[in-house]
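Each of the next two complexes has subunit A plus one more chain, namely subunit B in the first and subunit C in the second.
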Partner chain A sequence: MNFPELIQSVFDDTLGPGQSLSLFRPELTLCATMIAILLARMILPRWKTSGFYLVLLGLTLALAFVFPWRWFAEGALPGQEIFTGLLAADRFSVALRGLLLLFTLLFVTFTQIAGRWAPEDGAEFFVLLLGAVLGMCLMVSANHVIVVLLGMEMASLPCYVLAGWQRDRRVSSEAALKYAVFGAAAAGILLFGMSLLAGALGSVHLPTMGRRLAELLQAGVDPAQLTALILGGLMVTVGVAFKLAAFPFHFWIPDVFEGATAEVAAFISVASKAAALGLLVRLAGAFVGVPDARQFLVVLVSLLAAVTCTFGNLAAYGQNNLKRLLAYSTIAHAGYMMMPVAAMIALAGGQGSPDAPLSEAQKAVAALLVYLGIYLFMNLAAFAGVAFMRNVAHSEDLRDYAGLVHSSPGFTVCMAIVMFSLLGIPPLSGFTAKWTIFLALVSAKLWTLLAIGVLNTVLSLFYYLRVVKVMTLDAPPADRAAPRIPLTSAAGAYFAMLTVPVVALFFLWGGLSRWADAAAQALFFTTFGP
Partner chain B sequence: MNPLTQPIGLSHYLVVGAILFVCGIACMAAKRNALGVLMGIELVLNGANLNFIAFGSPLLRGEANQTIGLDGQLIALTVIVLAAAEAAVALAIALVYYRTHATIDVDRGEELKG
Partner chain C sequence: MKDSHTIWILATLLGSLGLWLMLPRGGRRGRLAGAALAVVALGLAASQTPRLGTWTAEGIFAALALVTVVAAAAAVTCRNPVYCAIWFGLTLLGTAGLFLLVGAQFLAAATVVVYAGAILVTFLFVLMLAQPEGKAAYDRASWEAMLSAVTGVVLIGVLSITVGGALTAPPPEAAPSAAAVQAGVLRPQHVAALGTELFGRHLIAIQIAGTLLLTALVGAAVIIAQGKNTKTDSINSKELKTDEE
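Up next, the complex of A and B:
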């Protein structure tokens, strides 16, 4: 191929009938919004609204470009590789990007209501936020090592800065430094692992790496190469486990959440988790076609899920700071969300006809998407409650929530609903989420993991109930005024609005799971062909 | 097979890369100064970069289908940019930490107990 032909082929791939660029419009919109916010600040130096409306506009446009409603049509977006194989464009990436952008839309509204920072800082906050979301969108559609690295770094770097947003607080800068140092170390280890894997397999295109591994294992692999593969795989696991906050790489989460504002903690706990899970599905999905790799990955992911879940729930007991308690709850939920990934790996290419196990594996991914969709509202609501209480009571300690039911009953009821939903009690959507992933574990016959999951739900009962008990049964402290958050205020109304989907998604179960099933279709098109 | 008597090949590059990686990890684990830890991270990234470039070189690897080709060099360039961005952010955070703590010793941050 000579040079003009090469240029022509790149041109055709980007703008031609392949339409790589048109499937990339959400990300381009995010970029344009970031630039627009910065320019608006330059032109109007004392701009009061701090770019909030620009962000709303940009996010709505991006969400419209993802087209979450159009792919219910039969045969829409069957799954294709865009930008010469760098990104995978299928319904899974559309669904996850849709969830991420929807979350960001809710999140910027939340920061606008709860945020306590100087107005001139608002624009930078939004620019960093959109940069992180852009990286997360790349992570969930990664199909190539270079995009994995780029996406992870683009998602992490703004989060380090956001964690240290309150520059004058000692804990805030400490949280940011710890997050940055540990995060950069994890990224370095992941990069080195990737270099070993890429070298041993002779490719950096994830599906090709999977195929090469299958060929290599069939032809017989020499010990040096096998060592490189196993070491590389473990190092990549370390990097992804750090992003997921899986045990034993969870230690940064409680510190960062306590030091950062509740807003930033909400962002890290939902958006960053969702993107890391999307990346895990992409990475694992590339190698599920290889039986030996599948057995290795099932054990690895199951073990991580079981230990993470149990540790998160046990460590949450001793916490008196509500943000720390929610941090450990986040760790536990990351464990739950890794369970359907283990089921997916176990089910992909199992016994039976070549089609049936594949659709079972896609059902497991659908379970993950259902969980993520519900977790988005639950966890955002929980952190929103913490942030609104901080604005009123200037405290995040659990004992300052004592007797809250007397001064703000509506707020307490909503908070209790969120806590019960995080626990997973019917008729709340948290139950739907847990039930769906447990069903996926049943169909994958991962009985031990199922038992651990159910046991953990029982374990988590007590610390979620403790929050509710403190709010309702304990006597309010006599030495200070009771915090008031009426549901008619902006904060109270926003909080109540978030509680509605937490309840409603239990009753809209069928619609949600149909949406997730449609999203998980054509997931493994690169591994097994369309 | 004594590597010191062999002509320079892929394994020599990999050994240097591995040494850089181990030095970087040791540096991260042992240094208490935030700048020292950041230097350790740079070593790890450069070790990985060396691996990528060595794996991408058709001269070092005989069979053409086994190299990762230009992708290796592209990744190395990308990682250099990422490392610069990471250093910029981490140094800014270290500066803020210094302003509030009057030290950049990572062990002195003890208000948050993991």
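Up next, the complex of A and C:
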């Protein structure tokens, strides 16, 4: 192939019938916004707040590009590969990218209200944030080993810097360093595992890898090669589990959350988890067609989910720093969110098509999307509450929340709603989220996992309730002024605005569920072998 | 098959013990014994690697492999970080030679240019800039010597057994056909083919990598700007009670 042919092939793929570029517009917009912020800062040094408005504009545009509602109409965007198979464009990736961008939009507003970022740092903060979001968008549409790795690196790298943003605090630098060292090790293990898998299967394209595995297992595989395959699979799991903060690889989360600001913790807790789950669905989805691989993956993911969930809930008991408590709550929720993935793997035997009625496995993915959609609001609200309290009371210690109901009743009510929703009490959307994933477990007949999930909900009751109890029943400390966050202030209004969907999504969950179904329907499960 | 496994496991055990004895742990005891054990482990491992056929190929491979492995062991066991970095450079040169031996010219050149050329020099710069007044105590001893020696050697043992087993008995479906090998890596212009693949099919990955580097650059700029604007940067640093540990 000579140079003109190469150029021609690139043109054909991006602008020709492949239409790769037009489906890639959200990511391109994010890229352009990053560069625009850097340039605006250079050219217009006096326009200090330019970063924020540019980010708002860029994110809104990207969201408009990713979210044409027509794609959720019947049969539209059935799922296709773009950029010569490196990325997958289907409704699942559209839905997850939409969630990520919506979250980022809310998050940027939140940082503007809560964080007092210095203006000259604002630009870098936003560039790093957009870089991370870009990486996460790539993670959820990855269809190729290279994109998996690049997306994960791109999502993690800015987070390392963001975790150490308060450079004059030792805890913050420690958090950044711990995160970076463990993250680099996890990425190395992931890469090692991927090269083993790619070497054993002779491909780096995820669907082809799944097909090769099926062929290899049917033809009979010798023990040494099987060991290499299992080792590779386990190493890839380590890399993904680190991003998910699943049990043996969760240890960085509490330290990082304690060291980072509540804002950054919110970002890592929601966006990073959502992207990692999307990636998990993609990776598992490539191999679920192979019966042996399916059995292996079900056990692996169920075990991780059960242990992660239980550990997170038990470890949250002793925490007095609210950010650490929410860190363990994040671990527990990662466990809950892995449960529908286990159900999806267990159910994915039958094949689906974009037009066929929803298969059970696709319903499990829809349950995951419902959970993520609700989790976005309630976890962002929880961290927003912590950040606003920090700005007023200069503390993240649970003791300083004592008697908050007397000084800021509106704020306390909203915080209580968020805590009850995280717990999953009926008239709140957290219940809807748990209900849908438990239904998915029932249809997958994963009874043990279901029992563990229900037991964990009971376990989590006590520490979420403890926060509410401290805020309402405990006497306020007498030695200092009570913190006041009126709902009429910007912070209070934003917090109240976030609690509205936490309540409303319980009553309006039909819409959310239809949206999730449409998104999951595009996921295409093919089956190989008997 | 069974014998080979036993020998590999023995080599792994001896290797981890030897490496542990050689790592700098304060005293000087046992380093020679460790070196002797490591040599025995290396010999055992070498006895289990498949032969290459001709004597020249065998000799060149043995020389390169020996340089690589010995330099790698020296890189982790030296006390002086500068020596460690230089030994590491030798390991990379040995690896590049091994790549060349199996016909991967591009990888060999990239290893020399990127690792031995750029990254190693950066290491040396950092070491010289970071320690203007002599070496710190924490640089002279190895942390978690036992754990790291065992982990490293066990990883090598498992991979050697697995990959070695897969290499000696390649399943017919997984191995590429002779024609494919001839058209692929054995083609004289396979670097050009690699370029076509990278900038044709995987163009978007290259673009993504570029964006990743841009983000990393901004991150590095943020870290370097440390302390320049602490006055405006104190988000809540002086206010948080939890800071006063």
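Operating definition for what follows: the second predicted complex is superposed on the first by the 505 of 530 C-alpha atoms of A that agree within 3 Å, B and C clash if a C-alpha of one lies under 4 Å from a C-alpha of the other, contacts with A are read in each partner's own complex, and residues count from 1 in each chain.
We take it that contacts are C-beta pairs under 8 Å (C-beta built on N, C-alpha and C of every residue); 3 or more make two chains touch, one makes a residue touch a chain.
Treat the numbers as computed from the prediction; the structure is a model and nothing was measured.
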| item | value |
| --- | --- |
| First (subunit B), second (subunit C), both or neither touched by A:Leu216 | second |
| Touching partner for A:Leu177 - first (subunit B), second (subunit C), both, neither | first |
| Touched partner set for A:Asp168, first subunit B, second subunit C, both or neither | both |
| First (subunit B), second (subunit C), both or neither touched by A:Thr84 | second |
| Partner chain in contact with A:Asp12 - subunit B first, subunit C second, else both or neither | neither |
| Touched partner set for A:Ile146, first subunit B, second subunit C, both or neither | both |
| Partner chain in contact with A:Asp292 - subunit B first, subunit C second, else both or neither | neither |
| A:Leu157 touches, of subunit B and subunit C: first, second, both or neither? | both |
| Superposed model, subunit A: greater residue contact from subunit B or subunit C | C |
| On subunit A, positions contacted by subunit B and by subunit C | 146, 150, 153, 157, 160-161, 164, 167-171, 202, 258 |
| Subunit B-touching residues of subunit A, taken from the complex the two chains share | 145-146, 149-150, 153, 157, 160-161, 164, 167-171, 173-178, 180-181, 184-185, 187-189, 191-192, 194-196, 198-199, 202-204, 251-252, 254-255, 258-259 |
| Interface residues, subunit C side, partner subunit A - complex | 158, 161-166, 169, 171, 173-174, 176, 196, 199-205, 208-209, 211-212, 214-216, 218-219, 221-223, 226-227, 229-230, 232-237, 239-243, 245 |
| Contacting residues of subunit B [partner subunit A, same complex] | 14, 17, 21, 24-25, 28, 34, 37-38, 40-41, 44-45, 47-49, 51-52, 54-55, 65-68, 71-72, 74-75, 78-79, 82, 85-86, 89-90, 92-94, 96-97, 99-101, 106, 109, 111-114 |
| Subunit A to subunit C touching residues, read off their complex | 1, 6, 9-10, 20, 24, 31, 34, 38, 83-87, 115-121, 124, 127-128, 131-132, 134-135, 138, 144, 146-147, 150-151, 153-154, 157-158, 160-161, 164-171, 200-202, 215-216, 219, 221-225, 227-228, 231, 258, 261, 321, 390-391, 394-397 |
